[in-house]
């Protein structure tokens, strides 16, 4: 299984790297977008899949990262990525620190809602106050430069940069999950009380995970703002927080590649059902198809898309799935 | 090594524990018995720091730890096991132990190094697994162990933090005769170097292994003495053993 | 001669009285009373929608994102069923209400059976995904069946009058009726919870699933009933609110998050808590809009954050 | 069990189909646009959500004009590409890229939501794609964002507000309270209103706002009753407009404090508002009873084709097609001649059902804003609120 995973992820990244060679400019754009969402989904996966903290306000960090890019860019010329990227990530991380510091006192559904509350606060601050530049959003006039040689205004440069970021984040999280820190987070997900009894002060661990997650979401926000050159309060809306949560559940919780697969699957499903070539005039009711396929995935794929190979294997070998190994603590 | 003094816990108007005092010494097993709802679990929870007492103090290795958090007490040498299995089903036996051992060597900032490469934790994990007799099953996912093996692993994880005081909440629950035997042998082996608090329903086992027995009824201690003396205590007989 | 510090203080005091005077002018006693009435009425309506959610959430542990869609369904039922009911049964508004609720119960029962009954052993978030899928499906079905136009629903003739309120304003009787329905429902739920066997089962179910099963209660049936009841309440809320809110696409969306706020502030599964939380939000929202218009959007969330930081389990813990 | 297996199989086939379709969509980046045969028109409109009805009306209007021209614009057949923008600005850039980069459209038509239109305008400006906005009134589109290739067939938020301010000031109304959602369209409309109303000697004694999708008006209505202004000016649209008008009437304010608004208050919503809307005065660039031959013909033809009554959105869609046709004719189908296209559109009169209008330098219609009154479920024409009103196009450097 482990080798399979490695091969799968390796191929996925190679495929993404090679993709621009065969794709047109729209394809490049599309995959850039999905890679940004994949980074965003990975940030949430760290919280939900690894640590077991269901955050329903992830879009706030994404949005803050994006707004930071626009608000911190000088009006008349391009900023450097070296300044802007850390600044955007730091802004998001700082907000995450604030939110995490307060919200980690609560648990379960209450935690979900407190994170939502803070995200809504951020949303209304950019939506209703002059600080955020208005409800229609603001433009990024000049895209930042990475040194002299990489102009992120060029789609391919941005594609490569996003790919590298995704690879970096994925690698970072993969290492992190194997590390003592990651193991401790996994322990917290399954049984926080036990972790405390064993001698782990869980609060700092959770807070660290929360801030890291916020920072990664901020990175995704940075990329999004650079890609679109336009930010809008909707980036912080709960719809986006919900969508990214749906992505990782669809992909399969508890696996980093689940976030990757989920982001792609969600985007492809949307595009598929929106396509007039396939559905004709029903394409305008694409929500229906998307909704039905999500329901079908819940019914047929109990452990998300990444659980599919195992399910197929179980079917081929004629055995039902092993229910023995699950994370129920009893 | 661990001393509880006048511990009282009230839930609203209900008194769950009333002025309970007890002391654990190295080299002895101190059993707490009592009917369901007598307050045994509450007592263990207060001693380990999971819940705070309404009144009274807890002393660990000569220090007043009443206001310490549970993790801090754990790192100071207080280990506890749970009544329900709290092992991580998808981790292997070794990983379970290593995670527990890691508590003493946390270093969370070493994010690039695999937890498996932490020599000390791995060594401790292997050692405790061996002590409880699970060394043949190191790579097996804990969820696939038998019930008795799971209880053993629970104790192993408790030991992996290298505690000096052990609070064991019904370690024998649901075990077969053979498994019970093995567990008792293990406890005997642990006794010289640890102070052990044992909450248990299996009376035969308790009277076999305990050096001291505390009997609780309705949140209060009605007797603390050697097993033999407790057995003869008329109050205890009336309240508890009489049912036998 | 007045010392500078003193002078500054006097000026500040003057400013304070002036400000107080302005506020007083902005809201005299009568206006204040009317605003309280508004807050109360809004709060009660919120309670009506949210109580179904807290029931499902508290007892079944299902985070039902489709609750807003149920509300929307109710509103569209009020619009679309009315002519049908008038045509076949010859009834008016109240018959439509009744028919709608009965349909909702059946639909809820079937929905639980078809989409949720096999999910309880799974990870909780799978249920969230399921309800998200349902939102999309409901919204599109609405678009396919009824279209995307905004529609009005007229209040029944008996309730369409108004009461004079101050010298310029009037208060619609229908709003009083709505508040009445909400109060009745609150009372009804209270009685069911405390006085009946079903209520006992429900309360037991919310605190301890194993215990319920050991008592020999069919938990599957219990869940199905609870889900149907929760859905019926949401549909009822939508139908009752329709004459005031009118019906339009996406109407469930805005109400959903607010409902979750109510449920969480009140304490999951607590009807009492939901009522209190809904009223609290009613007041904060109403007075926030008037007194602090700049921050009106964010106030409700600030309230929620504050309350949860103060009491991490909401105002009333269920059970 | 069989059923489940079948389901499995379908799920798998569907998945495969999805991947195929998606990859096909991604990989075909057709260089077919060069052929000059068909004019590719990208419709980026809301087809789901709150504004779905508006999106459909605009598309209908656009296609009606096309049909009248025999399916051709500037001698080129038209091929449509549609994208549902979901009224979500955060997806707007992707959606517009889909049309520009994937479908290689020659013209962009969209959208309703002004945030979405802003995002589109940015991309259109960057890529030089011809864009016609058939609704979104954001002042910036023909203000700071104005460009040689960006046009608007509808209005700017400023226009109806400004016109209504003039009317109300002329009526001798002195004290007015404004109420709207706290978002760009509302703010800009009220700003336009305030500008002309205060110029005409009135004062806005209070500006009431509520957060965007919130429709709980009662508190603010009470505030209005307590303030007792001479009149109220408002901007709401869609479901919010219906609820506001009904609540306003139910609160008894309609009888004591007259309500005026931007025309969207009563457009497409009259059925739902019922009698509560009777008598309301609003300002907009279209009305239901213009009684001009052009309008009559348009309405008849629209009703025949779609079995629906046209509304202002349909007119805007229709005129978007007209603007395109005027420009196309001038450049003989060669859209790369942007300056000539613009010159022709700026020079010609657009013969709109709303009455002929011209295009300003910033490409916003210079049009009559009508004063309408709701009578019997129709926005009846009362008079012209402001003749040939041009948006000031602040910030436009054209």
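Every chain is named by a letter (A, B, C and D) in the order it is written, and numbering of its residues begins at 1.
Criterion: a residue touches a chain if its C-beta (ideal position, glycine included) is under 8 Å from a C-beta of that chain, and two chains touch if they have at least 3 such contacts.
Since the structure is predicted, the reported quantities are computational estimates derived from the model, not experimental observations.
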Worksheet, complete the sentence: Touching chain B and chain D alike are A
Response to the item:
Between chain A and chain C, the Cα-mean centres are separated in Å by 31
Discussion item. Nearest whole angstrom, what separates the Cα centre of chain A from the Cα centre of chain D?
Written reply: 34
Worksheet item: For chain B and chain C, what's the span in angstrom between their mean Cα positions?
Response: 47
Worksheet item: Of all the residues in chain A, which ones touch at least 2 other chains?
Response: 124, 127-128, 285, 287, 293, 297, 299
Worksheet item: Listing for chain C: what residues touch at least two other chains?
Response: 139-140, 143, 297
Fill in: All pairs of touching chains, each written as two labels joined by a dash
A-B, A-C, A-D, C-D
Worksheet item: Which residues, counting only chain A, touch chain C once they are in their complex?
Response: 48, 54, 102-103, 105-107, 109-110, 112-114, 116-118, 120-121, 124-125, 127-129, 238, 242, 245-246, 249-250, 253, 285, 287-288, 290-295, 297-299, 302
Practice prompt. Under the touch definition given earlier, write down the residues of chain D that touch chain A in their complex.
Written response: 7-8, 11, 14, 17-19, 21-22, 25-29, 47-48, 81-84, 88-90, 92-94, 97-98, 101-102, 114-115, 118-119, 122, 126, 138, 140, 182-184, 211-212
Discussion item. Going by the contact rule set out above, which residues of chain C touch chain D in the complex?
Written reply: 26-28, 31, 34-35, 38-39, 41-42, 139-140, 143, 147-152, 154, 162, 164-166, 168-172, 174-175, 244-251, 253-254, 285-287, 289-290, 293, 296-297
Item to complete: Flag every residue of chain D that touches chain C in the complex, lowest number first.
Response: 48-50, 52-53, 56, 182, 208-216, 218-223, 225-226, 228, 238-239, 242-243, 246-247, 250-253, 256-257, 268-269, 271-274
Response to the item:
As the complex stands, chain B meets chain A at residues 48, 50, 69-72, 74-75, 79-80, 82, 84-91, 95, 98-100, 102-116, 118, 121, 141, 143-144, 157, 161
